[in-house]
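Two complexes follow with subunit A in common, the first pairing it with subunit B and the second with subunit C.
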Partner chain A sequence: MSARAIRLARTGAVGWWMNLKMVSQSAFDGLLAILWPLFFGTVAFFMFRAGGDPETLVYASLGAAVMGVWTATSVPAGSALQRHRWNGTLELVVAAPTPFSLTLLSLTTATSTVGIYCMTATLLWGRFAFGIDVPFEDPVALAVAIPTTIVSIGLLGFLLAVAFARYRTAWTLGAMLEYPVWLVGGFLVPLSLFPDWVRPISWLLAPTWGMNAIRDAATGAGSAWPDIAMCVALGAGYTTAGVLVTNRVLAAARRRATLSLT
Partner chain B sequence: MTSLRIFAVGGLISFRALFGFMSPWIFVPTLVVTPLFQILLFAYIGRSAGIQDDAFYVVGNAIQYAAVPCLFAMTFTIAGERFNQTLGPILVSPARRLPLFLGRSVPVIVNGAFVAALSLLLGSLVLDVEVPGSAIAPLALVIVLASASCTGLGLVLAGIGLRVREQAVMLNIVFGLLLVFTGANVPVDELPAWMEATSRLLPFTHAIEAARELVAGGTLDAVSGLLVRELAIGAVYAVLGYAFLRFMERQGRVHATLEKV
Partner chain C sequence: MPPVVEAIDLHRTYKTTTGTFRRRSLEVEAVRGVSFEIAEGELFGLLGPNGAGKTTTIKMLITLLIPTAGQARVLGRDVVEDAHWVRERIGYVFGGDRGLYERLSALDNLRYFAELYGVEPKQQRARIHELLELVGLEGREKERVEGYSRGMRQRLHIARGLLHDPPVLFLDEPTIGVDPVGARELRSMIAGLKAAGKTVLLTTHYMFEADALCDRIAVVAKGKIVAEGTPRDLKASVAEGVVVEIEVYGIEEEKVEALRAIPGVTSVAVEDRDQAQVVVVQADTETEPTHAVLARLDGVSLGRVTTREPTLEDAYVALVTQE
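Let's look at the complex of A and B:
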């Protein structure tokens, strides 16, 4: 491994840890991150329980758990650049020798990591409030599927953050995409219920494959490894696309002096 | 006359000033697209679980989503003044507080009702839910009452907002509680007894029930009892909210915390 690669890896890791500590500072935000998916999970549990099929409750419990990871990522990712603008730090971060895409990547993966709290809280809520016993049929695959899904969601957040770089009210788009990804990612609803044209959109979303991987690993309904591989491949695709978009956006912003969007 | 001007003109001007940032680029994603996807989310969960029909979720979520404009905007009429450093001058003015605070709630109610009505329309179109023509006028009344009732709760939260810094977190939690408790997606009589009892004390519960009956072909007469209860709940919250605002205002003066951000 070259010295540059080691330096970048170290910067990414330190940036992730620093961002994780920063986003964990507010107890109120942490409380909301835990409670928000619980509200939706609770409604879903009541609805599936009324449906009378206990298997759907396990399906819903795992889906609701991963919903929180996307929630923890989508809003901060959408507003990542705007917050730098408000804080007056965007120019400094862009001008620093560290690649800006790495700075953003460490932020979005840190916010998706916060989703671990949401996952744990939702699974415990399902277990103790609704008596949902989630099986762990393939613990090894599950131990790989969960972090892979969380990282891939963080990488999707990175792509969102850079895709909306020129949009002043990007924070609204991050919030707006919360429900659509819950839906199209098949978190609570099987993809077979959607019109055919929705499926290709689902396939392009890493959370869809991550969700499948977690369900397969937990229930033993199938092998989780192909889904994990798709999750990794899509995550790599998001990273590549995100880096390319970042470089292009920054070059254009430097040329036209539009970085601050004022 | 002055009080009337503070109520009508002051309320409208403050709303326009505080929500001047609400461009279509913000309004459409947050108050048009998001409620539509909330409706779709629960309608599809309902299909997956094989329980209620689409109309149930369209009506429930369209009305419940009025909580976002009603609660957030009502609270922001206080927090926004603090953010703009105009809260102090407003509260040292001799303006009577009743028209001052209630005047600010009228545009909030109108906006909340508009968001709920638009969500109902879009949800019905996308999911092909048929709303009888005879139900449209009564539904409009139900939606306005629901928004007014929720804005009453918003007044209480605005009072809390005079002391609490993390208002956005508080409002999101209240939104989530309303989602669970008001029967937007789960009939209240299927909730545990304590939750059902709680839901009967919240805004939206009776309005949602009334709207569902109207969409199913019921008449305004048949749901008048529910509407009276919704109105009464809203009035109680509004009175409590006003009293609480006055109390918190006095506390703010005593402890010098009005401008604390």
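Let's look at the complex of A and C:
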């Protein structure tokens, strides 16, 4: 590994840690992060309890867990960048010699890291409050599927964050996408229930494949590895697209003087 | 020796819109042909009122804005073509409350920016402590920035800007809003930067600050440089002449215009002071304007009238109001 690659990896890791400190040091945000997974778990349980099928409850519990990861990433990624604007630090990180895409990546992966807690808390809440036992049919695949899903959701957040850097009100995009992705990603309702035209959209979303991978690994309904591979491929695609467009987006922001706007 | 910073006929236009339903696009010319050069080790001041185009000029030089026209070079490299190269070699400090991570401690702020500015990991700890000592924040570095006073934030800003030991520094109104004692400390720190061999571009709207610190000053008004020279040059330009200050209680714009029309009067400014205003009239040496001024203020309630020699601040006011 070249010296520059090592330095960039270190910068990314320090940026991730500092951003994680920032998102975890607000008592209000912290309370929301604690309540979200409990809320999702509870709603999923009451929605699917009527069916009386233990498999459906497992399906819902896992879906609610990934919902938490997505919610912890999509909205906070936008608001974190908005906070950079309000703090006046967006211009400073753009003016720094470190590639701005790396700064954004560390920010969005920090917010999606909160998703690890969301996932764990939802599953534990389902287990102890409602007695939903999630099986671990393929623990190795599950151990790979969970971090892959979280990272790929973070990378999708990165792609969105590039737009947040250019358009100051684009943070609303994160809020707007929160609920549709719950549906299109098949978190609570099978995709087969949606019209055919929805499916190509869901195939472009890493959370869809991550969700499938986690369910397959947990229940043993199928091999999780193809879904994990799709998740990795989409994550790589989001990263490449994000890095490629970042420089163009920044050049446009420098031409139109939108970096200092709040 | 080539200049360290060059601005060559820089222009910058902003596009803005008005109206809610019938939106109209407007163009605002913030910078209209600014040119100057800064030599190595020089402390150069851009002096001007709010909205004169100082910050826009500085943002073009530090690669945050692309000029609409003209060219800028730092250390011989174009700021648009070689933005990355330039960014590694400059420091940027701005005034005010913003520009720091509120939820992080001062130490974490400096650690993060040290990474972003490519300070070698082995040198980071020593460099951060050296800078904390320089700006007088040792012992407070583990506190979150959200609890810092304006002066402490400003000192932390300076430490942040110096982390990678850049040869060129851009300081955009670094003492704005800081109390007199804090501002004096900051000015002493800026003088220390010059003594350490840094090339500094300082923007300010405080005349005395520019006078005390700068080797040369360019006065900017409405996007253009209206005067340039050493503080001594600018003082010499108003060394002769007279200033009449008249305390008034309510004055209309027509009366002010009437004062401007008096032959020999070079500038008229109105300053609010508590319940009254003070009309400051500058005139050239040939004219003793007091009688003419009082005649034109007929019907206005007057207070104290004083006559004095002009100061550097009067030169500045004359330059920016004439524009």
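Annotations
The rule is simple: the second predicted complex is superposed on the first by the 254 of 262 C-alpha atoms of A that agree within 3 Å, B and C clash if a C-alpha of one lies under 4 Å from a C-alpha of the other, contacts with A are read in each partner's own complex, and residues count from 1 in each chain.
In the analysis below, a residue touches a chain if its C-beta (ideal position, glycine included) is under 8 Å from a C-beta of that chain, and two chains touch if they have at least 3 such contacts.
In this text, all values refer to a predicted model and were calculated from it rather than measured experimentally.
When the shared chain is aligned, subunit B comes close enough to touch A:T42, but subunit C does not. When the shared chain is aligned, subunit C comes close enough to touch A:R254, but subunit B does not. Of the two partner chains placed by superposition, only subunit C is touched by A:V14; subunit B is not. Of the two partner chains, neither subunit B nor subunit C is touched by A:A217.
Judged by the touch definition given at the top, the superposed model places A:T98 against subunit C, while subunit B stays out of reach. In the superposed model, A:V232 lies in contact with neither subunit B nor subunit C. In the superposition on chain A, contact is made by A:R168 with subunit B only, not with subunit C. Contacts of subunit A with subunit B, set against its contacts with subunit C after fitting on chain A, overlap at residues 26.
Residues 23, 25-26, 29-30, 33-34, 37-38, 40-42, 44-51, 166, 169, 172-173, 176-177, 179-180, 185-186, 190-191 of subunit B are the ones that touch subunit A when the two sit in their complex. Here subunit A touches subunit B in the complex through residues 26, 28-29, 31-32, 35-36, 38-40, 42-44, 46-48, 50-51, 53, 56, 167-169, 172-173, 175-176, 178-180, 182-183, 188-190, 193-194, going by the rule given at the top.
Of all residues in subunit C, those touching subunit A in their complex are 14-15, 59, 62-66, 84, 87-88, 92, 94, 96, 98-104, 108, 111-113, 115-118, 121, 144, 160.
Taken together, the subunit A residues at the contact with subunit C in this complex read 7, 10-11, 14-15, 18, 21-22, 25-26, 86-89, 91-98, 103, 251, 254-257, 259-260.
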